[in-house]
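Following this message is one structure expressed as structure tokens.
Chain IDs A, B, C, D, E, F, G, H, I, J, K and L follow the sequence of writing; residue 1 opens each chain.
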Amino acid sequence: MSDSHTYKKIEIIGSSPKSIEDAIKNALAECNKTLHNLEWFEVVDTRGHIVNGEVAHYQVTLKIGMLIQSDH
Amino acid sequence: MSDSHTYKKIEIIGSSPKSIEDAIKNALAECNKTLHNLEWFEVVDTRGHIVNGEVAHYQVTLKIGMLIQSDH
Amino acid sequence: MSDSHTYKKIEIIGSSPKSIEDAIKNALAECNKTLHNLEWFEVVDTRGHIVNGEVAHYQVTLKIGMLIQSDH
Amino acid sequence: MSDSHTYKKIEIIGSSPKSIEDAIKNALAECNKTLHNLEWFEVVDTRGHIVNGEVAHYQVTLKIGMLIQSDH
Amino acid sequence: MSDSHTYKKIEIIGSSPKSIEDAIKNALAECNKTLHNLEWFEVVDTRGHIVNGEVAHYQVTLKIGMLIQSDH
Amino acid sequence: MSDSHTYKKIEIIGSSPKSIEDAIKNALAECNKTLHNLEWFEVVDTRGHIVNGEVAHYQVTLKIGMLIQSDH
Amino acid sequence: MSDSHTYKKIEIIGSSPKSIEDAIKNALAECNKTLHNLEWFEVVDTRGHIVNGEVAHYQVTLKIGMLIQSDH
Amino acid sequence: MSDSHTYKKIEIIGSSPKSIEDAIKNALAECNKTLHNLEWFEVVDTRGHIVNGEVAHYQVTLKIGMLIQSDH
Amino acid sequence: MSDSHTYKKIEIIGSSPKSIEDAIKNALAECNKTLHNLEWFEVVDTRGHIVNGEVAHYQVTLKIGMLIQSDH
Amino acid sequence: MSDSHTYKKIEIIGSSPKSIEDAIKNALAECNKTLHNLEWFEVVDTRGHIVNGEVAHYQVTLKIGMLIQSDH
Amino acid sequence: MSDSHTYKKIEIIGSSPKSIEDAIKNALAECNKTLHNLEWFEVVDTRGHIVNGEVAHYQVTLKIGMLIQSDH
Amino acid sequence: MSDSHTYKKIEIIGSSPKSIEDAIKNALAECNKTLHNLEWFEVVDTRGHIVNGEVAHYQVTLKIGMLIQSDH
């Protein structure tokens, strides 16, 4: 069982009134407060809330991968 | 980063001998004991266990979304 | 609400330089250190890292189901 | 071009605090006010809104098929 | 080859004018007349027939799993 | 907002006792009676009705794209 | 349980050197020799065998639905 | 049937030479000219047109949800 | 209708405490007792049962294709 | 490593004003000019261009499999 | 075979520390060095690398379509 | 455009009479003869050829990612 890595994936939705990239950054910033070893994200879904015919928020669903164990 | 919300989605399977709706309610009731700010659910899968040619349990897989952070 | 069970599913990636089965076993062994009542796994994705044209690691993404509540 | 039928499919979301079936019925009742020749529906998605850990509304997304032309 | 089980899955559509659960029960009751060892079902598709703007029948497509061999 | 185009997609099912291509043509001919600027179609589903062990109708579900706005 | 219908779906691959429609017809003709009450088909997959850079056979995978029980 | 909402979803493609977000905004602006109560959008597909090896237009397919009926 | 082949696909789940390959072999061995002309298999799903944090059984769902008719 | 075969799959779009089959044939004829050992194709997508409410071109996306290595 | 076009699709991953659009542009710029007649792209997957809780790179997987033959 | 990487993905099918892992290794070994900078693989499909009720070959379809450009 030497030389193996174990990762966990969680599903998070970030939002932003500005852009898709900003919604991703907000989600990562929030996760980074309490979780360690975040390594990658995958965009699962992109949607948004409309107010008065305009985008009020982009809502981006991410899977975030983090290292939970490493044996060298 | 003002005016952003972050949500987390978890995957839960509820069961019930009565109905699909009852399996959903059982899953939510169990989650509500320890988790806060549950906001929505999505049915991912519906299946069940058969005994003597009849439905013994409906088993409903849900994704449950909860608010984990809100900046106004 | 009698006779209902509630399960949770988490998403884990195990790795191994040896085989797909070994990557699954490594992921389960790691989860078993801190989680209880693991009941089943589902293979979601199989991929790997290549070094010098050979498989360096198999990386297997699993959903793992565990019992979190049981009323009899 | 004799003996052909043409159908249109629209996508509607019905809701109900009671059940999945009631959400479907509400969607059909609303469509039936202004559309004719509704022939079948397909459930595309089932989700719901949670308030205080309980189902506030079931929300069922349907595709509804209707006959728009028939040549015999 | 000791300690292995083999299952077969078949695809069945049950219908009912009453509910989704009743359509599932009707499908299982019909299969149970001629097949043995039915163990589980998975809902693959839910649709229905509309007459006069109302649900005439729910039609639920199931995969049904049955044990066909068991070595202990 | 100069130099942008907006398209709408609708979902139509055409049928024909002759061929898949004829079912597509029938669907387009029917849409062309009332809609303008049809630009492309995508085949979403191909199925058919069987009578006496033979194909009675091919039924082809299409998404049809049409231009609804153009700014040059 | 009055007024319910039960259908079975099977998966068949028909082939033809001529056309996709001919491969569908061949599959239905073969099924019709031993099965009754064939009602509809759904095209699941279309592929083919190539010999000398030309189509040797179209191979069309169908799900075929048949009535297995009807209560009026 | 009190306390139910019915929504309709339509499928629209917006384009922009500038960005994915701008293509979304253009699609919403066009829909907002003739439709009311737009509430949310879902990104279904992102693609684009290439001229001289550069992005000429981003083309974003959206599903747009709008409220068509509300009983309180 | 000369030079056409018709195949049937069935869905089988094999299991093994040893490996994914062994679960596939067990499923084929069981089918081969009663069915003829098995030609290919497709892995549809790989999952397993966990006991005491270890793999108790690999469960592999296969579609198995068999020739049911051949005209030369 | 004896007795193994390696195949490559490429993705090609053929078009034809006549039929789906003709679009497939055109794609294969073009590939056959420069590639060898084409063995099978899989239809991935079928769409088309509309001019004046009629099909101008069928556009069929294929994956084409070819043998690139064979050890006996 | 007159009036037909043949296209090839390749799968490319572009990356950028700045934005999703920039990752797309980088992928196209790289392809444009050696390939001709690039006509469109489709976003297949969007993910990224995380360093210190921030996006280090956006990684966008594209299918890129190019004209390989045109008969007028 | 500094600090960007571009990757290409190709689709390869490896085969082996021994195991799924061996089919993957054979595919990589063949690609490594002519291609450079292979970095990862993704298993897309696992199937096999049956002879006399036994697995004659495992056939594993892989997407293989390779670095085609790197700017530091």
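Things worth noting here:
One rule holds for everything that comes next: a residue touches a chain if its C-beta (ideal position, glycine included) is under 8 Å from a C-beta of that chain, and two chains touch if they have at least 3 such contacts.
Being a predicted model, the structure only gives us computed values, none of them experimental.
By residue number, over half of the contacts seen at J-L repeat in one listed pair from B-D, A-B or F-J, namely A-B. For this pair, chain G with chain L, the centres built from the Cα atoms lie 33 Å apart.
Chain geometry summary: the mean Cα position of chain A and that of chain H are 23 Å apart.
Here the CA centre of chain E is 21 Å from the CA centre of chain G. Centre-to-centre separation of chain B and chain F, using mean CA positions: 38 Å.
Residue positions of chain C touching 2 or more other chains, listed in rising order: 10, 20, 29, 31. Chains that are in contact with each other form these pairs: A-B, A-C, A-H, A-K, B-C, B-D, B-E, C-I, C-L, D-E, D-F, D-H, E-G, E-I, F-G, F-H, F-J, G-I, G-J, H-K, I-L, J-K, J-L, K-L.
By the touch criterion stated above, chain K contacts chain J in their complex at residues 1, 3-10, 63, 65, 68-69.
Chain C makes touch with chain L in their complex at residues 19-20, 45-50, 52-55, 58.
Interface residues of chain L facing chain J in the complex, by the touch rule stated above, are 10-17, 23, 26-27, 29-31, 57, 61.
Put simply, chain C touches chain I in their complex at residues 20-21, 24-25, 28-29, 31-32, 38-43, 64.
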